[in-house]
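The following pair of complexes shares a single chain, subunit A, combined with subunit B in the former and subunit C in the latter.
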Partner chain A sequence: MSKKIIATASLAGCFGCHMSILDIDERILDLVELVEFNKSPVDDIKKFTKRVDVGIIEGGCCNSENVENLKYFRENCDVLISLGECAIMGGLPALRNGIPIKECLAEAYLDGPTVGLNTEKIIPNDPELPMILDKVYPCHEVVKIDYYLPGCPPRADLIWDALVALLTGSEMDLPYEVIKFD
Partner chain B sequence: MNNTIKFKIDGKEIVAEKGKTVVEAAHDNGVYIPTLCNFPGVPPKGGCRMCTIKINGRFMTSCTTPAAAGMEIESNTPEINELRKSIIELLFVSGNHFCPACEKSGNCELQALAYRYQMMVPKFPYSFPVKEVDASSPKIIKDQNRCVLCQRCMKTIKTEDGERYFAFENRGNNLEVILDPELGKKMSDEIAKLAMDNCPVGSIIQKEVGFIEPIGTRKYDKVAIGTDV
Partner chain C sequence: MKEKILEIISNYNKDKTRLMDILHDIQSIAGYVDAESIELLHKELGISASQVREVISFYHFYSSEPLGKVNIYLNDSVTAIMHGREAILETFEKECNVKEGSVSEDGQFGLFHTSCIGMNDQEPAAIINGKMFTRLTPYRVKEIVKDLKSGKDIKELIYEGDGGGRNALPGIHSMVCNNIRRRSALLTHDYTPFDVTKKVLANTSPEAIIDVVEASNIRGRGGAGFPTGMKWKFGRKAVGDHHVIICNADEGEPGTFKDRVILTEFPELVFEGMVIAGYAVGADIGLLYLRYEYKYLLNYLNGILADMRSKKLLGNGINKIEGFNFDIRIQLGAGAYICGEESALIESLEGKRGEPRDKPPFPVERGYLNYPTVVNNVETLALIPKIITKGSDWFLGLGNKASAGTKILSISGDCNYPGIYEVEWGTTIKDILDMSGSLDVQAIQVAGPSGALIGEKDFGRQISYTDLPTGGSMIVFGKERDILNDVVMNFLNFFIEESCGSCSTCRNMTSVLKERFTKILNGRGVKSDIDDLLNWSELLKVSRCGLGQTAANPITSSITNFRHLYENLIQKDVVFDTGFDLEESVKASCAAVGRQPILHNM
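Let's look at the complex of A and B:
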């Protein structure tokens, strides 16, 4: 069987879900036999170089770059998975959703306790910087998502079992303990 | 034996005392029907609809319906379970339920129901409502982001004189359960703990005891809600 192609991205996430992928421990040796990584922080490939079978998205969308990246993944991946609470429901970044964006920026750059070095009181506005969105959006409210793996982070066993089932077309029997929202 | 009646849930014969509700009779006979707003010892209100069943082909709430002889009840069927899952999903999107940041995570009945009915993602869009957190009491935090308006705290948390600590405020979409500011200031540790325990979600949090139980040892970490029925 030819190797399946995988791509991963961390949008508005903390990389914890990527760390949880590494928690599959020695099964990573089996993973190498099963898949080839394309665009991913794991191998630092920046642009897709071929069609991808499974794209794995960590984090929701908090700025314009997240949205572009997510759409780029959707265009290039046959199957797209939301991995973890931030991708599924915005997660911790979405705690700002009830706060007006002006107040968030003022707290971060003008009024907060750690803004001493910002003597000119500038809110970063370089055109190179992605625009921050009005609120943090779950991935499936931006593009179509095919599967969801909840958890903060998702348990390594859940990621492994789901990936193997998806890649090999086998049945998935998820024990109660692996589906958790924290 | 005049005091007992017989009826069926999913084909299983249930023997119950007269006067019991369907959900009580089911649980007495080891048949789990999920509940959320229902609480032992207080009158049921049938608000959350989690306990929806079909009696002789009609949807009813099992917490408010007295058991009657000869009832043919459907409960654990794909149709009804899908309905229950939708109710859980609606509750998740209508509040701000950030499980990873909640002290009640692992002991939360709403979360446990989501686990039991395998909610991977709500099928409805998140509403991210703007809600307040009241931390004015020295003993508890009342977080409106997580409140499901079940009234369990209103009905069970009272002073020795029978005064309620919690009450409804506003109406319709703005309805909230609030803490009486004066009683909140005088609240004892025991009442604070009871209020937190009786809250099915993380809307009432006792101060200074957060995250006291490690992950893996909490109520619903390893065992699904309802397995003890």
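Let's look at the complex of A and C:
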């Protein structure tokens, strides 16, 4: 059986979900038997080099680059998974939702307690910079998402079980404790 | 000012359950409830400052921020919009130099929107400093604002004279019209006020009264249709130091205005109905909860109560019946649709936010201040004296088997003769449309936004507790109306605005539904969006009260009966679309930092 191909990305996230992927410990050796990584921070491949079976997305979309990246994943992956709170619901970055973007930028660059060095009172606007979205969007509000793995971060076992189930076509055991958060 | 506020608080014996009245009084002398007043209320009433704030913020007509000297609340119900609200708003904004939802820079004018104010048959309408102004035109608005600017008193502004009937009485003196167009059991003048109290109660036992009411098969007229006799029986049986009768005059369902007309023309029927209910249930406390929008009736109604007291028709030993002590107080609301729900109404009567209670216990067991409480609609109570006088058989002879008696309909929208129609239960929608002069009808909203939007194929159906139940609101939409954009969207906004926020289903799902609905309107919808709307609507049914449970009805009933309107809008060859629009979503930030959006290859 040829190896399944996996790609991952962290958008508006903290890389905590990727840390949790690594938390599968020595099972990563088993994983390597099962899969081959393509575009991912794990191997630092920047562009897709082939069609991918499973794409895993951490983080929601807070700027135009996230959107571009997410769409790029959707085009190149057969199955796309939202991994963790931020991808699924926006997470902590989405705390700014509901506050007008103008106020957010003013607080971050002009009025906040840590803006002392910005003596010229500039809000970054270089064309090279990604454009900030009006709010933070969960991934499924931008592209079609096939599966959701909840958690902040999702437990390593959950990620492992989900990947094994997906890659071997077997059913997945999802006990209540794994998907309840309070 | 501090002394005045302390005086107000002591006028109500520092009773925290009278917070509604206290806030009204403070606002009437100070214009709003400032931080200092809140602090005083906290100290004097023994409740926390946040408890005071949560009440102020709950009700539309209280404010903890300064308002204008003159405050204009412009109704935004769908009928107002159909009759030219936009032009009225523009004229107010221009003449008063103020944007809707704010106070003008000179502090002269406040201009706000408000949910249906019970004037659907004479829209566009506005409440200006508590006074009702109906049938507004841009021309009239200019006149009104000019006079207000010249310092005229609000009472001098009624150029058109008074509305008909008792609206012309000095106690009301309002331009509001009754528009009674069809009279039957309740609205006919075959009633001598207080005859039942004077002649029947002394020689009839409370149980016998309940028996007549029960035999008449009368059910609650507010919409839920609970058998009135049974409710009274439960109330009488329940044990408590006091028993309470509440008349629910908080008609807030958009499109209904019949209680306003009953209270204007037949308040004696309503009050006598309360007295009879008090006698039957063994109650000593009577409360009428009057929605703030009908404040212009308050003095008039209080005058009638005072007259009743002087004639010993209220108070201790009514009509010399020993031990029958019953009095009525009118509580003014402060603008909240949800307070029409009986347990929310009771919370409000106790001076709190109008959030519905968990049931059971039902109000008949533990209601106002935990006393057994019977809550009846204005129309239900007004029918009681007639049922007692004419007998249950007379009442059973009206209407149909499942639904005895008559129903007062409030008909508005695209009809030639909007107004009040009293018809027998069992009348068909077609007859209702014909009698109100509704031509070229596309749809009719039966029972308001929480009811059903039905089209031509259902016009043969009857109003009945078993077919189309209704509290009386009927809004007609002509062929040229855009049902989804104008009607359904208006109703969705209404529920979002009026949700008390207690249940997460009602607080959140209403907005989620609106988002998905908007996506369809914007041409980005796909077929699965229609299914999603229907499936998600189910979630609302777990909400605690009727508002939440019915808040998706505008969606579900328009999909059920006007599915083609949705299907015309969805994309034909696309099966999935999130509706995400990058250009739209970066617009605000690019404008804020002063750069041009770059959208190529995305």
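Going forward, the second predicted complex is superposed on the first by the 179 of 182 C-alpha atoms of A that agree within 3 Å, B and C clash if a C-alpha of one lies under 4 Å from a C-alpha of the other, contacts with A are read in each partner's own complex, and residues count from 1 in each chain.
Criterion: a contact is a pair of C-beta atoms (placed from the backbone, for glycine too) under 8 Å apart; a residue touches a chain by one contact, two chains touch by 3 or more.
Keep in mind that what you see is a predicted model, and the values were worked out from it rather than measured.
Engineer: Look at where subunit B and subunit C land on subunit A after superposing the complexes, then choose clash or fit.
Structural biologist: Result for subunit B and subunit C: clash.
Engineer: For A:I179, is the partner it touches subunit B (first), subunit C (second), both, or none of the two (neither)?
Structural biologist: In the superposition, A:I179 touches subunit B alone.
Engineer: Once chain A of both complexes is superposed, is A:L95 in touch with subunit B (first), subunit C (second), both, or neither?
Structural biologist: First partner only, subunit B.
Engineer: Touching A:D30, do we find subunit B (first), subunit C (second), both, or neither?
Structural biologist: neither
Engineer: Answer with first, second, both or neither: which of subunit B and subunit C does A:D134 touch in the superposed model?
Structural biologist: Touch partner of A:D134: subunit C, not subunit B.
Engineer: Which partner does A:D43 reach: the first (subunit B), the second (subunit C), both, or neither?
Structural biologist: A:D43: touches no partner chain.
Engineer: For A:P150, decide between first (touching subunit B), second (touching subunit C), both and neither.
Structural biologist: first
Engineer: For A:E85, select first, second, both or neither according to whether it touches subunit B, subunit C, the two together, or no partner.
Structural biologist: In the superposition, A:E85 touches subunit B alone.
Engineer: Quick one: classify A:E75 as touching subunit B (first), subunit C (second), both or neither.
Structural biologist: neither
Engineer: Check each of 5-13, 23-31, 41-49 or 437-445 in subunit C against subunit B and return the one that clashes.
Structural biologist: Residues of subunit C that clash with subunit B lie in 41-49.
Engineer: Based on the A-chain superposition described above, do subunit B and subunit C contact any of the same residues on subunit A, and if so which?
Structural biologist: Comparing the two interfaces on subunit A, one with subunit B and one with subunit C, the shared residues are 135, 140-141.
Engineer: Looking at the complex, which residues from subunit A come into contact with subunit B?
Structural biologist: 82, 85, 88-92, 94-95, 97-98, 135, 138, 140-141, 145, 147-150, 152, 174, 176-177, 179-182
Engineer: Contact residues on subunit A for subunit C in the complex?
Structural biologist: These residues of subunit A touch subunit C: 64, 67-68, 71, 100-102, 105, 123-125, 127, 131-135, 137, 140-144.
Engineer: Please give the residue numbers of subunit C that touch subunit A in the complex, ascending.
Structural biologist: So the residues of subunit C touching subunit A come out as 576, 578-580, 582, 584-598, 602.
Engineer: In the complex formed with subunit A, which residues of subunit B make contact?
Structural biologist: 92, 96, 98-102, 105-106, 111, 114-115, 118, 120-122, 125-126, 128-131, 215, 221-224
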